[in-house]
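Below are two complexes that have chain A in common, paired first with chain B and then with chain C.
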Partner chain A sequence: MNVLEVRDLGVRFGEVPAVRGLGFAVAGGEVLGVVGESGSGKSAAVLAVLGLLPPKAVVTGSVRLHGRELVGAPDKELTALRGKALAMVFQDPLAALTPVHRVGAQIAEAVRVHQDLSRRQAWARAVELLDLVGIAEPARAARAFPHEFSGGMRQRVMIAMAVANDPDVLICDEPTTALDVTVQAQVLEVLRDARRETGAAVVFVTHDLGVVAGIADRVLVMREGRAVESGPVEEVFARPRMPYTRELLAATPRLDREAAVLRGVPRPPVPVLRVENLVKEYRRGVRVVDRVSLDIRAGETLGLVGESGCGKTTLLMEILGLAAPRHGRVVVFGRDTARLGRRDRLALRRDLQIVFQDPMASLDPRMTVHDILAEPLRMHRLPLDRVPELLRLVGLAPEHAARYPQDFSGGQRQRIAIARALALEPRLLVLDEPVSALDVRIRAGVVELLAELKARLGLAYLFVAHDLALVRRIADRVAVMYLGRIAEIGPAERVFSAPRHPYTRALLAAVPLPDPVAERARPRVPLAGETPSPAGPLTGCRFRARCPVYPGLPETARSRCAGEEPELEGQDGAACHHASGGAR
Partner chain B sequence: MTTDVTTEAPVAAPAAPSRRRVVAGRFLASWRGRAGLALLAALFLLAFAGPPAAAWSFEDRDFLAFLSPPTAAHWFGTTQSGADVFVVTMHGMRRSLLIGLLVAVVSTAVAAVVGAFAGYYLGWTDRVLGWVTDLLLVLPAFLIIAVLSPALGQGAWLVMVGLLAAFMWMVTSKMVRGLAVSLRKREYVLAARFMGVPGYKIIFRHVIPNMSSLLIVDATLNVSAAILTETTLSYFGFGVRPPEVSLGGLIADGAATALYAPWTFWFAAGLLILTILAVNLAGDALRDAFDPASGGARR
Partner chain C sequence: MWRFVIRRALFGLLVLWLVATTVFLLFFAGPADSVARRLAGPRAPQEVVNQIRDTLGLDRPLTQQYLGFLNKLLHGDLGTSFISQTPVSTLIMASLPATLWLVAGAAALWLTAGVTGGVICATAPRSLRDRLITVTVLAGISLPTFVLGIFMIFLALSVFPWLGLAPGPYIPPLEDIRGFFQVMIMPWITLAVVQAAVYVRLTRGSMLDTLGEDYIRTARAKGAPEHRVTYRHGLRAALTPVVTQFGVDIGALLGGVVVTESVFGLQGLGQLMIRSVRDGDLPVIIGAAVLAAAFIVVANILVDIAYSFLDPRVRLT
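Coming up: the complex of A and B.
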């Protein structure tokens, strides 16, 4: 029995069609994954189902909930349904919660809008719901304000609010996109529980094929407002019929299939960057980066991975600042940053450039592309006629120089950012999540470009990413960071096939595979909790609070974990007292 | 890298499509920009070329026509003392235009520079600049100008510009500082820093241009504010001192006879309104031209 039936749905904004002739149906307890790139109309489609589009949008076709027509229904009727029969979980949980009210009060409000309960009863229900979504000490958490919660906890609260009134249909719009992989795995688990508890039909909108493979029963692939392909998830993933679906699947890096590059080749001899025992303190005792050591050789790619808040970005800024660190050493191209004069520093900057995550934020919106690319050249007194060359190098036309960054798509903007970084012919390029803001097919193009540039120009990359599958595709060596320290470092091939640190193993286990059969067959061991604050007192192994190995250890081994901080030995190993050499 | 790239056909560098040219093009593409610029140009032309073209000079008194309505001889009529209103008004407008524009440009520039340096560098720079700003904020500007004004020599209107500007930039500079604090963490600012661009260049190239909408709106508002402040000062006898005149002084003088000899008042007042209108139109167009995201006529 289908709970939600959508037939021939169309959405137009003025003359521009966002959704055309879309049809699908979801039964109770079933999960429909809606996949598409940005601009494919997936969000417009679910907003149309909820009747939440702005008034200027024209919605045609039919949306039936239990056989009741929703398109064109009066707003009053829809309001009564929304939050009760139809519930929604949004992408950005911070924007969806009011910062000035307590979390419990907001859930209680959601309950009281649709149910005739007293304040006290509603509060009790809110606490119950927080418990349901796996928040520890729910009674205390209910009295907290949203800003006291981490992103993952806020998303749990959103789910609690969505299931508060036992909805028939639960619509999730990219609910895990803003979260780390380990937290994503937890939230997906909560969603599975929520579906089981409520028996709701779930429409799960996402761009991530791995997530769909794990959670959806059926999948609908959208492109340019139309459904390209739909069917049971196993079938679509195993035997995609449409070229577009095949292209999407091919562009998605797979952790289990990616072969690390340059197998068995000895490391090149020339170091371009050496970091020794680098420490960055924000306040006294709060070490965001703590005794980090790593090195990158000429032509090599080091992938740096870790959850948000682990100190990756701070480490990059310390390296790129080229200033003398408080503790430790940074040696760039054989020059110690502590002994650099102004001129040396400027000269070194030519060899060390950065590409940021968000190409919109990293290009000055007030400058033309020409000015953007000319800036580093002017600074270092190089001829400006290289601008057209640079544009061609990254696959853009020289005529594009007259335009502003906003005239380009995300992928093109990232190419401009790469061109700017290459303007000074650097030898080491720092890439801070260079493709995570891009769609999967565009992402593949940019990754290809980076690989090609590396081969052509002999660049070394420090590649920061949270997408482990992507790191596996591009990196020669990998460093895993946890709470300011390097937990494990080594050749990519070794780290991915035989991870030694329990944290690395947990991270790898949390990455969803874009293959429903393999994904469902994997044992699910979600890593509990989230990255704690580095401000807390840290003794012994900092991972032990979340460590899956620690609880099972004998007493003596545990006391070692608690009392003695494990150190990383050399450039291939794990900072764990009980590091295993065995396979996953 | 060079070897690889230069093997491709070398291309003659195309005309650098730089910001200045693009902004100018977009400014002139909007009707507001054209109207405002034309109006301002006309007002300036009138103010500077008008008096020589008239039959009367600034010092002349027509003893045959006191308080005469506009005639062929006296285009805007005459005042009670027989002075030609057209010539006097043009003289006044000359001063007012210069004072208004100069004060606006100087005060906004000071606000932008002080605020941006304080916000970009923070630390001691911020603290010292903050003290100066706060100090100037608590000083009673009007009283100080009133006290200093008699000490100024005749025709020292440039000092007046300096004084007016010195007391107009503080609030804007506080806003600018706040914006600069958020801009300094933007990735394009970081990218420039990591290229080795020094701080002061980043401020002038990335920080200040990215708040140009705010600054242009502020400058536009300041033009009228400066002219009006000067008007008030002149009304109390502290502004531009006779024999120099400004629109403000003329409006103050004309107000006495406005009821039975409207030409003594309305021409000065009307030109004041036109001036401010023209500045606002040009300001709006300039803001849109600077801001690639602010829609309207693009490219």
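Coming up: the complex of A and C.
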């Protein structure tokens, strides 16, 4: 029995169609995954179902809930349904919760809008719901404000709010996109529970094929506002009928497969960057980066992975600052940054360049592409005639130089950012999440460009990313950071095929595979909790509180974890007293 | 919170000290005779100049005069008016109530009207009522204060004489509450009309930003009715810039509402200041300047405390 039926749905913003002739149906307890790239109209489609699009949007076609037509229904009727029969979980849980009200009050509001309960009863129900979504000490947590919660906890609050009135249809719009992979695994688990508890029909919108493979029963692929393909998830993933679906699947890197195609060619091991025992403190004693050592050799890619708050961005900024660190040493191209003069530092910047995550934000919208590329050349008093060559180098036409960044697509913009970084012929390029703002098919192209440039120009990369499957494709060596320290470091193939640190294993296990059969066959053991604050007292192994190995250890072994901090030995190993020798 | 208040209060004292010192130097730096001449006015006879020099001790070294000035200031002694020979503090206390009541009443009016108007505009941007309100408040702000004031007096005296509205002088509310309102209503409306435009625009802009936030969509997705979405989820977050502006305005206006007071013949701080500047009544000018600075300092501290009540993310440190 279908709970929600959408037929011939169209959404237009002025003259621009966002959704055209879309149809789907979902039954109670079923999960429909809606997949598409940005601009495919997937979000507009689900917002149209709830009638939450801005007034200028024109919605046509039919949306039926239990046979009752919603398109064109009076606002009052829709308001009565929203939050009760139709509930929604949004993408960015920080922006989606009202910052000035306590989380308990926001959940209680959702309850009281639809149920005739007293303030006190609604609050009690809110606490109950917080407990249901797995928030510890729910009575206390209810009194917190959203900014006091982590991203994962905020998303749990969103889910609590959505299931408060036992909805018939639960719509999730990219609910785990802003979250770290281990937290994503936890939140997906909560969503599975929520579906079981409420028996709701779930529409799950995402761009992540791995997530869909894990959670959806059926999948609908969207492109440019239309449905491209739909069917049972196993069938669509195993035998995609449409070329677009095949292309999407092919562009998605898989963690469970070796993909050494983009690795560097072996070169003499000349170190270009050496970091020794680097420490960065914010305030007194809060070490955001704590005794980190790593090195990068010429022509090599070091992948730096870790969840938000692990200190990887701080580490990058310390390296890029070329300033003397408080503790430890940074040696760039054989020169200790503590002994650099102002002039040396400027000269050294030529060899060390960065590409930022969001090309939309990192390119000045008031400068033409030519000016953007020429600026570093001017700074260093170099001839400007390199600009056309730079554009060709990243696969753009030299004629494009007169345009502005906003005239380009996301992938092209990131190519411009790369060209800018290459203008000064650097030897080491720092890439801070260079493709995470891009769609999967565009992402593959940019990654290939980076690999090609590395081979051609002999560049070394420090590649920061949270997408582990991507790192597996491009990195020669990998460093895994946890709470300011490196938990594990080693050759990429070794780290991915035989991770030694329990954290690395947990991280790899949390990455969903874009393959429904393999994904569902894996045991699901999400890592509990979230990265603690570096401000807390840190003794012994800092992963101990979340470690899946630690509780099963004998007493003597446990006391060692608690009392003695494990150290990393050399450039291939794990900072763990009980590092496993091999298999995951 | 208390640490914050104490630190800000100390900082405020620093500001007041700087204001007092600047005013002091402005008037007292220079040779004794020329200072005395400046105070006495260009046409005063030499005896008067000599007398001023001797009574104020302008012959003493500047540091000594300055220390004496600060010492008196710290004891709340603002000196004596040259003109009326009454203590400055007495003059100020006599003028303060009129200005206080004028600003308080007008502020209540313009804040209510401005925020309400802004919210109405923001909930239906570019609609007829949005345009109507915007045009009305712009007309209000475009009209010079004295024109508006004179027009109101004309209305009160010629068209609605039975209301008993009258321009000044100020009547204390405890003495005659009816008379108080009859005198104050026109200045209140005049000042409020001038101020309200800024608040409508500010609230409208801030509210439009807030209503575009994701959490507003969340509140709608909950099924919360529209008025609840607007006021409970939208307005509070939108009020921050309004409160900033409000603090600045109140602080500045309490120092004296010159034009409005003049038009309606209210003997407030603005009038006092104008008179003392015209007469070169130095002690009064210094006293009024320090008081005006104090109002601004206090208003800003209150604004920062208000932030922490409006938004839990703001911590007072």
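Assume the second predicted complex is superposed on the first by the 574 of 584 C-alpha atoms of A that agree within 3 Å, B and C clash if a C-alpha of one lies under 4 Å from a C-alpha of the other, contacts with A are read in each partner's own complex, and residues count from 1 in each chain.
As a working rule, contacts are C-beta pairs under 8 Å (C-beta built on N, C-alpha and C of every residue); 3 or more make two chains touch, one makes a residue touch a chain.
Keep in mind the model is a prediction, meaning the values are calculated, not measured.
K.L.:
So which one touches more of the residues on chain A, chain B or chain C?
P.N.:
The partner with more contacted residues on chain A is B.
K.L.:
Which holds for A:26: it touches chain B only (first), chain C only (second), both, or neither?
P.N.:
A:26 sits against neither chain B nor chain C.
K.L.:
Which partner chains sit in contact with A:98 here, chain B, chain C, both or neither? Use first/second/both/neither.
P.N.:
Only chain C is touched by A:98; chain B is not.
K.L.:
Once the structures are superposed on A, label A:385 by its partner contacts, choosing first (chain B), second (chain C), both or neither.
P.N.:
First partner only, chain B.
K.L.:
Based on the superposed arrangement, let me know which partner A:209 touches: chain B (first), chain C (second), both, or neither?
P.N.:
neither
K.L.:
Name the contact category of A:275: first (chain B only), second (chain C only), both, or neither.
P.N.:
neither
K.L.:
Output check: A:79 vs chain B and chain C. Expected answer is one of first, second, both, neither. What do you get?
P.N.:
In the superposition, A:79 touches chain C alone.
K.L.:
So in the superposed three-chain picture, is A:475 touching just chain B, just chain C, both, or none of them (first/second/both/neither)?
P.N.:
Neither chain B nor chain C is touched by A:475.
K.L.:
Would you pull the chain A residues touching chain C in the complex into a rising list?
P.N.:
50, 52, 75, 79-84, 87-88, 90, 92, 95-101, 109-110, 113-114, 145, 147, 158, 161
K.L.:
Any idea which chain B residues touch chain A in the complex?
P.N.:
By the definition above, chain B touches chain A via 1-2, 4-6, 8, 10-14, 16-19, 22, 186-188, 190-192, 194-197, 205-206, 209-210, 212, 290-293.
K.L.:
In their complex, what parts of chain C are in touch with chain A?
P.N.:
Residues in contact with chain A: 213-215, 217-226, 228, 232-233, 236-237, 310-313.
K.L.:
List the residues on chain A that touch chain B in their complex, please.
P.N.:
These residues of chain A touch chain B: 317, 320, 345-346, 349-350, 352-354, 356-358, 361-368, 370-371, 374-376, 379-380, 384-389, 392-393, 398, 401-402, 404, 406, 417, 420-422, 424-425, 456-457.
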